[in-house]
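This report refers to the structure that appears directly beneath it.
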């Protein structure tokens, strides 16, 4: 069953970049609160943010052979998304693989496992979200698959989906929905701007959102 | 039973600021090692520290309606302290609520749940201690209470208690004990200063604290 | 049974420093992937790295009496390595003990428990790897041992072993094997340098490592 | 500050037993979903259930001296409730202490720490809810307090409060509210009985609770 | 977006029952080690095992409204599979809902959240796999969806998929693949039978599987 | 470096069986509270207890090849003790391997990883302590070692050490110390017997152990 899917449809780069600018929290809201990975998934260095199209990797625990296979499938603007077939915190990825991935135009890595050489990754400016940091190396002994559907940190991901990541976490947007989600995200950002000004001026959310009546009706008492 | 207590006694601001300067570890010692929250409670950005008086929030899981209610109760120098009624890591609080809270004079947030827009919170200089970072939004569907006694990350907190937070964690000081605890903390800081000098000069704790005799009596052997 | 072993053989300082330059991931590989501590062990401040020879401490939970005893045993270039006799996240160590340890030439601390005064530790430049950050103080009531074999965060450590620590974690090298491991690490670093250049130039790991044939033989299909 | 409060008011035994018959889930609902301990708190043997009045213990980590002090304060119908002053999983309590507690009329133990001799505890029929099972013994070196207010596994407990425990967890009822909560619980049990019959006969909750209209109004679509 | 899909294709009941007899470990192997839920998912009572077709539920955290909706969609032989939209351990399901589900022919529940009334569930013989046991009740305030694709405890599940559960965990088989997986599972069981006899007679796996040569070739040394 | 040590010295079987009768808590105390594994290590079925001599296995994550190698090294009365070289919860061991191990006289398994076919293991009466239960199978691709020193769940173990396990956990006794530890354990059991009688008769630990004076001296107040 090990397979590499070589043909992947990708959404328009303008859409991907728009989603990246909107950020994880806004994108997640704009698509109806779907697609968020677990909060175990954290950036390995401070300040990282990225958006790209997924090249997916399904790998055995403690085995990074398929990462080498996946790197050949990278097109500029892609990100690698790896889920082990059973829970594993080992360091699948370090500075050599990052060097290779960057040379192919890769924008970053999302991995439900560990990475190493983290100081180098930060110095190189290669963004990574992982669920572990570990110097523990992996073997190259068992096949996996590339660009098949995976579940990564609780979110379903297919090759060509958009992956948005920042300090708030990682969110996946289905390829076919990406343009619509961007439109929703931009509308949301615009609406937030006016609210931010009113709140900064001291107006209360209770008044802006007209909550007082409903709170009273439900029985909230002030004592 | 949902209720908002509007009248809260607060300790003297000079005491609050003194406790803030002393820091969490010293304050915790000075009050007999009580009031420390769980070490799951961590600052969401590096360098944050604060002290303030608690406005408490008891909220259902995944529901931040009461945060809006609580913000109206903030007086300058207050901090928000939120405990969900069952464990939840969702993002109850982001940049809009922080904007609103800051406009009311709020000094920060302590939350046994998640926050989002963390890069914005850092840029705004709004300090937050949380047990989760998550883009997952919340609903506004069920009532909770404001300024009632809560248990937050293992510590009992009442409205008007002093909350001290820095990189070492979060400690709660009962309102009525705040002045005494400050006095103890300052005495402690002074005593530490002279010890620090002797230790820096190479003197040993074994000698400064006179431990050698007791260690021998208990049976410690050097081989 | 509480005992302090005062005579510890230490490896050549040149070897220790060489291992420190190689870093945790390389050293761990060079010694056959042994000696790595759990990934629960993390640096308490960003950018810390160190290498030194172990002074080991076996301490009761919530009791740091033996740290004072251990500091007297420090020789310049040593690091403290503490394992509690049962799991504990309390703050065994803060700025006063760090001041004392630094005055003795100590290069850092590795502790399967908590530390406090972390902002001070960072300001002092005293590197610490711990499994917890907590303001919770400890008592001085029960004896433990110094420089006996311990298990710290899953790794066996003896006094005089080399401890290498950086952002990737903490690795222990047996004293008697340190020179050989350094030789292996340096060979490894040299080999990586040429691979890094080829990968940066866009060559694929699939080709550099000659993986294509074996992948096909195992049955990997491209579709 | 170490103190033993010897005078504790206890609620009527009939109320305590009624709450025990109602069980944790019903009692928790009947008092407005307050007082539930964390789900880390589990029975150490299958089938255990109990209700009793709390004798509280605040103990240092890894130190069970105060358990001996607390046992003298037990009146028939009491249960011991222990919270360590910092997180600890050690075995504070085993068959000897259980023998002693039972001889005083103790109905069980709730402990945010560990117990040991669990096979004996089961054979003796002494019910225990704990957050750990561990053979690790404790010392008798540092004082704590008995019958002071504590926070145990996230719930505030005072001496004389009612503690109800079964396979669903542990719930605390304030002494002064116990009779009212019992009345509410009994009303709730009666109401459930008729619903159970209708549901068993195949009627749907959608119809019994009249949910269809509200679901449609909120926009639920059947496709 | 909240939706209830009312038309679900289900596999042949003979296939479902065959997969149930084979058990989780065998089924998981037979389908190429895919579809296994996280090991956080455990049976709430000892001895439970089941197989059925999935009715899926996507529910907000702490809100079980959709369970009532889902129960109407149950056909005999179905099992409920619930994933909250963000992590939650509350007790979504107890004896009343179990009574209702059983009356509709439901064979059990798999839930990445909590259940309560567990002693009753055991007495009723209603099998449940959950990631939490908690008396904490839920609200009925926010819509979710029924019979949409979900990710439950790390496994993707669609309505009509086969769910097999026993003491080893929970495994999901795609509806379209169920017959093939059953054929593979039965072949596997037959092959294991003969191996079991040889191993019981004292023959070694090293010999049965012919491993000695490969071990030697790889460099395993006996000393 | 992969190696199988074929010559293992084992302690007297009478000593091993005596330690088994004493049980984990008593043995752990009798050897000065050393050698206890983490409380993550739990029996997979209720009522299991065992004592035996260790055959140790160091295995890569997700790879159980070395278990087959180890089984050949079993002598009657041995137990298998497996530690993966990095954290892994996969099911390394099931009913076929248990059948083979039992045929060689193996008394049980202690594994810092997962097992499967747990219902079968219980039916066969083969005792297992593990840190995970998982149907996830493993590969046979990478060598490890047998009968080398390992760290398993926080305890150092060498081939030929005595492993005692019951409901309280797992404790390791060094081969050379086994007879002495047994002597201490038996003395301890005898002493406990008389205390148990006095406590059952209602005498207090405060009096039996003469604690009242020391408690008063330390400042314990009764109020």
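Letters A, B, C, D, E and F mark the chains in the order given here, with residues in each chain numbered from 1 onward.
In this section, a residue touches a chain if its C-beta (ideal position, glycine included) is under 8 Å from a C-beta of that chain, and two chains touch if they have at least 3 such contacts.
Note that the coordinates shown come from a computational prediction; the quantities given were computed from them, not determined experimentally.
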Taking contact as defined at the start, I'd like the list of chains shared as neighbours by chain A and chain F. C, E
Topological distance between chain A and chain D, in contact steps: 2
Since chain D and chain F are copies that touch, just let me know if over half of their interface numbering is common to both, same, or not, different. different
Gap in Å, rounded to a whole number, between the CA centres of chain D and chain B: 28
Between chain B and chain F, what's the gap in Å when you average each chain's C-alpha atoms? 41
Taking each chain's centre as the mean of its CA atoms, chain C sits from chain D at a distance in Å of 42
Between chain F and chain E, distance of the C-alpha-averaged centres to the nearest whole Å: 31
Contacts with two or more other chains, residues of chain D listed in rising order: 33, 36, 39, 46, 85-87, 89, 134, 136
Taking chains as nodes and touches as edges, what kind of graph is this: line, ring, star, complete or other? other
All pairs of touching chains, please: list them by chain label. A-B, A-C, A-E, A-F, B-C, B-D, B-E, C-D, C-F, D-E, D-F, E-F
Which chain F residues qualify as touching chain A in the complex? 60-63, 85-90, 134, 136, 139, 141-142
In their complex, what parts of chain B are in touch with chain C? 24-25, 28-29, 33, 36, 39, 42, 46-47, 49, 166-169, 171, 192, 195-196, 199-202, 204-206, 209, 211, 215, 218-223
Which of the residues in chain F end up touching chain E in this complex? 2-6, 46, 65, 68-69, 71-72, 89, 91, 94-97, 99-100, 102-104, 114, 116-119, 132-137, 140, 143
Contact footprint of chain D on chain B as seen in their complex: 1, 32-34, 36, 38-39, 85-87, 149, 151, 154-156
